Amino acid sequence: MALNEVTISRAILAEQSRVLLDYMETDAAVVGGGPSGLTCAALLGERGIKCALIEKKLSVGGGMWGGGMMFPRIVVQEEARRLLDRFGITYREYGDGYYVARSVEAVAKIAAAACDAGVEFFNLTTVEDVMIRGDGKVSGLVINWTPVDMAGLHVDPLTIACRYTVDATGHDATVARMVERKSARLSVKGESFMWADRAESQILQHTREVYPGLVVAGMAANTVAGECRMGPIFGGMLLSGERAAELIAANIPR
Amino acid sequence: MALNEVTISRAILAEQSRVLLDYMETDAAVVGGGPSGLTCAALLGERGIKCALIEKKLSVGGGMWGGGMMFPRIVVQEEARRLLDRFGITYREYGDGYYVARSVEAVAKIAAAACDAGVEFFNLTTVEDVMIRGDGKVSGLVINWTPVDMAGLHVDPLTIACRYTVDATGHDATVARMVERKSARLSVKGESFMWADRAESQILQHTREVYPGLVVAGMAANTVAGECRMGPIFGGMLLSGERAAELIAANIPR
Amino acid sequence: MALNEVTISRAILAEQSRVLLDYMETDAAVVGGGPSGLTCAALLGERGIKCALIEKKLSVGGGMWGGGMMFPRIVVQEEARRLLDRFGITYREYGDGYYVARSVEAVAKIAAAACDAGVEFFNLTTVEDVMIRGDGKVSGLVINWTPVDMAGLHVDPLTIACRYTVDATGHDATVARMVERKSARLSVKGESFMWADRAESQILQHTREVYPGLVVAGMAANTVAGECRMGPIFGGMLLSGERAAELIAANIPR
Amino acid sequence: MALNEVTISRAILAEQSRVLLDYMETDAAVVGGGPSGLTCAALLGERGIKCALIEKKLSVGGGMWGGGMMFPRIVVQEEARRLLDRFGITYREYGDGYYVARSVEAVAKIAAAACDAGVEFFNLTTVEDVMIRGDGKVSGLVINWTPVDMAGLHVDPLTIACRYTVDATGHDATVARMVERKSARLSVKGESFMWADRAESQILQHTREVYPGLVVAGMAANTVAGECRMGPIFGGMLLSGERAAELIAANIPR
Amino acid sequence: MALNEVTISRAILAEQSRVLLDYMETDAAVVGGGPSGLTCAALLGERGIKCALIEKKLSVGGGMWGGGMMFPRIVVQEEARRLLDRFGITYREYGDGYYVARSVEAVAKIAAAACDAGVEFFNLTTVEDVMIRGDGKVSGLVINWTPVDMAGLHVDPLTIACRYTVDATGHDATVARMVERKSARLSVKGESFMWADRAESQILQHTREVYPGLVVAGMAANTVAGECRMGPIFGGMLLSGERAAELIAANIPR
Amino acid sequence: MALNEVTISRAILAEQSRVLLDYMETDAAVVGGGPSGLTCAALLGERGIKCALIEKKLSVGGGMWGGGMMFPRIVVQEEARRLLDRFGITYREYGDGYYVARSVEAVAKIAAAACDAGVEFFNLTTVEDVMIRGDGKVSGLVINWTPVDMAGLHVDPLTIACRYTVDATGHDATVARMVERKSARLSVKGESFMWADRAESQILQHTREVYPGLVVAGMAANTVAGECRMGPIFGGMLLSGERAAELIAANIPR
Amino acid sequence: MALNEVTISRAILAEQSRVLLDYMETDAAVVGGGPSGLTCAALLGERGIKCALIEKKLSVGGGMWGGGMMFPRIVVQEEARRLLDRFGITYREYGDGYYVARSVEAVAKIAAAACDAGVEFFNLTTVEDVMIRGDGKVSGLVINWTPVDMAGLHVDPLTIACRYTVDATGHDATVARMVERKSARLSVKGESFMWADRAESQILQHTREVYPGLVVAGMAANTVAGECRMGPIFGGMLLSGERAAELIAANIPR
Amino acid sequence: MALNEVTISRAILAEQSRVLLDYMETDAAVVGGGPSGLTCAALLGERGIKCALIEKKLSVGGGMWGGGMMFPRIVVQEEARRLLDRFGITYREYGDGYYVARSVEAVAKIAAAACDAGVEFFNLTTVEDVMIRGDGKVSGLVINWTPVDMAGLHVDPLTIACRYTVDATGHDATVARMVERKSARLSVKGESFMWADRAESQILQHTREVYPGLVVAGMAANTVAGECRMGPIFGGMLLSGERAAELIAANIPR
């Protein structure tokens, strides 16, 4: 069979246009493709909830790729081991209750699970603002291409509607801070010192709907709450992503 | 269980030091974690060959993440469909013999396969030079941390030994060009015009050992050969990665 | 009527997707939206030829906006006055045979004419390569988003097919140089000294098909020919654009 | 006729010097050449009011060129359709009451209308400060070349006098913020969330003289008022430009 | 003897991995390898206290290398002469009580003394945060590679535990400011005007434990206290380093 | 008297427009306002020759301001002392035949002399190209604003006519290299090693008309000739400027 | 006479070392070599006061070189004409009471006058801090090489003593702001709107000792006072420089 | 004793001026303060030869600080162990004949030895060119401040005379390449592949006078000879520095 460049281009364009038009309205939009965002999206998808994952960079995975100080290993504690098992990530035990996994495998397997669950990925996409209408609810995201922003160009964004937004942008807590800047009703306290034990035990409690329509997950949850930070220990991240998915699923019954 | 930051750090460090010391000598080193490099590494690993994948960036996946013009879809032709199936990548047919897959899924699934096959990943790692000793064979890679290079710092590299090196660095053909610069015995012709059909049909032929110990795969193969380029059509890439793995496996019987 | 952001986004997306899919194949693609490119596109459109204008920047107009040394006036000589009249551009005579027009008006009116003639604009779009297949003819353009290039990202391009390409990229002669780099059959001589009189009198002669399927217009024509350059005198540019349109129209009868 | 470079240069210089000296005093100065600024200038000119349009960049058009996320289409609602008609911009209806136009055509046609109305354009010109004298009125603009600013050079500005200044600089509200920084009598509230419906319905109300001699138009009006933002929907922009022109014309009878 | 690159690499890796794992827990961590930090580390080591010196840059020495305005000489007053003698640094007297030494010699000799005393150096290492657990004490440092930070990459840090931290980061007072940002219990006043005499006489008094587990030394001590700054006079720096070592040694008896 | 900003602006604009229009044609254009260029311009002016000095930077003076290694002193030898005296520059003798002057005074006094001689200065002006017409003579300069170039903007230049051009751009030999790039008739050899004695003794010989209409002076003369370079010794520079002025004056009798 | 590079270097070094050592203590240090600083230094020198002029850039002249918007002309009003005459600067009258001079001439002539008056120039020198000792008086300046600062290097400064410091740094009011940052006793109000008439009439009143030992002159005086700004009208600048010189001379009788 | 900032500044300035004037003429100038340069300078000094070490950066040590891939350890083989002993550097044996030392200690101890031997250091100093006079010998170095170069400023250099220059600038071979560019009598072949064994065994042979007055040492020697490169193995570097010192000492008997 002879290949045709134009047909290839048309195939990509037609397919993605169809998806884009379809995803102008979704049930959930997860912002940030790090460990908590990917987990949340995967579990939302598995529950049959239409979900878009919006990632600023070209690749998803966030802080997981680099492990700790570029040694590409991550650590997960006992409580989160079942999520490693669920995603099929292999690990080795190091001391009691510490499980060491490979960074690359962790990203690849959770992302693969999200794909299998039907999540659509919008990478190289930046969230510029949120849409809040008369009901005072975060009901959409104002998005643009990341390279447009990197190149300092003046190009207007588009808007997608979603019933729930998950801010899984890590300690930047990008979406929460946008809302804070324009509304007196949300205050982002900022992350506190490194204290992994406390950070991990508190993160699930802080994974919650902090503003109507806006759920925070992963380190963003701790940042909003003024809670401690953690290092390359990802168990709490994964559990927080799971919790965020459960919170949303409870409100969007299928 | 109470978490301890220092134990977490030590777990990562101990684990990765062990791996690093072990991988100072490998059977194969694949340079570049794009579609052909990942495929080659995965298939080498599946054949029981000890393989390190060296990736300059934080994440693997290369040009696959962005699809075509940031529309995150890739196209694969009939001949390569079996590789999609092998890696468990879903796709939709568009016209006769064109299969459209999601970029993110393609990266995630092939990387996951490589992990399952026991490949070790060295990301954020730049190849600075090759080691060639008295036998005139590429017998090792001179590596450094990518951020050291990005920051313009003067830090010496380390060297790893490998029986075979695969240059899967795309149209830069980085390793091949290094060899060309210092040796009269290899000439890199540079890529030609876009002509997908020809590029795909020729790529397998150009996937070969171009210098003792150095195999080229993917677009790097076409670049060395002065052959045409292709767009976001990845079948040939995957097939070329497979071919490179076969070539090496034939010489390193297990 | 209540406005809906998502409907607005969908309207833009649906409309432009339709246009993009349609323009994957065109009769003519004009690269560069400066004076000669805009004129060429407008006149092709007026002749009923399906034409895409591809512009690297956000705005079309090129070197016309800034006049001479930021004094936003351009000069046109007697021979080209009829084109000013045709596009409805006002001017004042300065000395015998020199007509001074406003830069902004010149851009706006020629671009408006191109729009009225049905030309489709692809701005923020960079030509990365050309497609040349077995017939040895420039038969398509390999394009990408400009901001992707500005941001230094690795994203694959798409390809559009066109029967004729016009290189109207000014003294860079971008497309012609791409062809030169990969083919022995075209040589770009580079522009010569400033000599407005000679440049203007020679430009029409150099506006021609320099490679199968590739027509050069405007300063790009003089650059390929090693001919003189001119300053903020735009008559020859407009006439060259007109000539290029005539050349193509003669080969694509409607 | 033989062309002479020096005559060409002199023609440009003489013509623009004449215009510059003439426009050291104008009735109205519109800052910002986006949709509202262009519309305002065009309609002021049509009413016979001497008007200078000052644009920071090389080209006018602002956010219109890029459409939404680089899909070069803009949307206009029913109420503003008559302005499209007035400027001769073609459009297609998408759903009830949404009209989609081409970005390039919109810019070209409104700019052409402004030219026809006698507006003078000062592009590549930055407003550094405003002139306020004893009467406490914004009575002039302190301008400089944009490239001087981009290059970080220390060059003094010049000053032009104008009876009315229109701040049409979009959500930067550049001129209003300058006044705010140095005077307690104006407060810029900053734009609020995306809510196109509200933004569009409120913009006309916020288009007003916010400080003696200073009228705000377009998104700058909403920014000063702390009002919502909109996306690539430009009807309100055009209507706001029209309203600003009417306000000024009412005070400068001809 | 034939050299082997891989053995060399393995030697470095094995040796440093051993040291890194050992220094995940230390008695003291000195942050900043300028005059006070080097002196403090050297004297801690001489007292048998396990000490890590963490330096952001490739080389230690800080502000000493450049002398005053790149004239590579430093001045030390009478009181600190005994430390020059202790480290074997030669000097010349200039006027009464001023001793001029060579910058390079000063750095080399104090660093050599620290090495002889068994201090381990972690250069190209940035302190990102501190670890504070339930006891409210600075009990560890969150570190990362400096080039990772310079390259703007997202890579997680590791954590080392230490009983005492010395902030010897000069007038940035980096560690003290980190603590200040996240805790209400420490206030950094910022350095005052240049007044060498006062700065030198006060520095010893300000060298103290400003937060549980955190000792400030050198200019950082004066910065926290809002005290005056000094120029290229280093006596007080060395004496402050000595004082900090004494303070810690008094609490960690060997 | 009450000051009026607009009158001030108009005064500047009117005055400089008049000068610009007048200097579109000059007898001589000196490119580069360093020691040789300033001297040449001053002496041309004193001979009644209409002369424009074109300087790329904001200030004239070039390499003289910084003396040697930022010690703002220059040295002049015996032969050139009469030029110091002529311009009223004070100096001190250092050893036999070496005269040390202050950098700032040297620039100020020679520039003042040029002003007194009626030279017009065009600073922040870059020479982009030269005009060569049918007679094969450098008969004009293609100029642009330097900040336009620094900001990377696309703005067309203007052209001024001059009977003689002096390239006094130092070891860049900017104008000579432009001519070399486009013509086979001039070859720039590039400067040789530092050898002040030889450089100074040869410079007058190399100060000559190297191409019809183009005279080289100062270090540019030695660069074209492949001659040695000198350091902060300026006697030869001044003498070369004088020689260039004499050469031109001999051909433009007044 | 044969030239010797080393003797030349030694001459420069010996001469400037002598000057530097001598100027470690001066009567007055003028910071900023723009119009008011140069005038002040020239007039201090003429009164026999030992004066150092410290300029951040390579060249003195500041905002005068560029005239208004790069048209290199400045305007001076009637009151200041006598200073033009005093420095020998030529001018043309434009309307009643406005005198237009050439930028380059103005810089050159005032700088030449300062040289003749014995002022020593320290260019490429940045003021990093001020020295304030027990008497609470600004009694010295903490200086460094500007390139050290531009290159982001960590090099300690040196300190020079002076009885009076003049802040002539323009609207940055650099020295005054340094004092403000570290002392509650000085407040810099910041410049107000453009209003040339008021700015010029108030500047002399604001030229005063704002802190013990610190006199402000030129636009810095207006900035400290919260007074209006002016454009390319330099009369007030020169008069303010004169006033500052008078204030200091009255306190340092010779 | 009360400290005085100005006396401190004067002490530094007076002392360094004295040294600078003295070192305008030296026996030997070593360019580059890495392992071979430091060793060479230390051993020249020990032999009583007047020696200046010129280092581009703020700190000496070069590639030694970073060890291999930021693991701050270096390796030395058996042959060079006596130099470690000579400089008092401690080490541990790793396998047969490999000795691992700490990077920081190696730099500090060799630099300290150079200081003790009376070497003067000129850091932050760039070699811009060499001085070659009638005898065709490299007889001096043209130097400038590094920050001047980093800031892109135009400041003239100074020149120092030396009987011998050692190029110890590593694989840049900076000085040798300068000579190559301007003279046909020296050709720099460029470094070859990594092959530590060969590189180390050849380096002493290539350490020689490659041009009259110019000796190459360390990796620069191998670069000139087209020889192999090595990694973080420093024995050959130290031995090459020793050899260069011996070569020079043989020609400058004391």
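For reference, chains read A, B, C, D, E, F, G and H in written order, and residue numbers begin at 1 within each chain.
Please note the rule applied: a contact is a pair of C-beta atoms (placed from the backbone, for glycine too) under 8 Å apart; a residue touches a chain by one contact, two chains touch by 3 or more.
These numbers were taken from a predicted model, which means no experiment stands behind them.
Enquirer: Which other chains touch chain D while also touching chain F?
Expert: Both chain D and chain F are touched by C, G, going by the contact rule given at the top.
Enquirer: Centre-to-centre on C-alpha atoms, which chain is most distant from chain G?
Expert: Using the mean of the C-alpha atoms as each chain's centre, the farthest one from chain G is B.
Enquirer: Centre to centre, by mean C-alpha position, how many angstrom separate chain F and chain G?
Expert: Comparing mean C-alpha positions, chain G is 28 Å from chain F.
Enquirer: Could you state the distance in Å from the CA-based centre of chain B to that of chain E?
Expert: Using C-alpha averages as centres, the distance is 43 Å.
Enquirer: Mind checking the centre-to-centre distance between chain C and chain F? Centres are C-alpha means, answer in whole Å.
Expert: 40
Enquirer: Where in chain F do residues touch two or more of the other chains?
Expert: 5, 8-9, 12-14, 17, 58, 65-71, 124, 131, 140, 145, 147-148, 153-155, 158-159, 194-197, 231-232, in rising order.
Enquirer: For this structure, enumerate the chain pairs that meet the touch criterion.
Expert: A-B, A-C, A-D, A-E, B-C, B-E, B-H, C-D, C-F, D-F, D-G, E-G, E-H, F-G, F-H, G-H
Enquirer: Within their complex, state which residues of chain C touch chain A.
Expert: Touching chain A from chain C are residues 5-6, 8-10, 12-14, 17, 20-21, 24-25, 58, 124, 131, 140, 142, 145-148, 150-151, 153-155, 158-161.
Enquirer: Can you tell me which positions in chain H touch chain B when the two form their complex?
Expert: 62-63, 65-71, 190, 192-198, 229, 231-232
Enquirer: Using the touch definition from the top, list the residues of chain F that touch chain C in their complex.
Expert: 129-134, 140, 142-145, 148, 153-159, 182-183
Enquirer: Which residues of chain G touch chain F in their complex?
Expert: Interface residues on the chain G side: 1-5, 7-9, 11-17, 58-61, 65-75, 77-79, 88, 90, 92, 94-98, 100, 102-105, 107-109, 111-112, 115-116, 120-124, 145, 147, 194-197, 200, 230-233.
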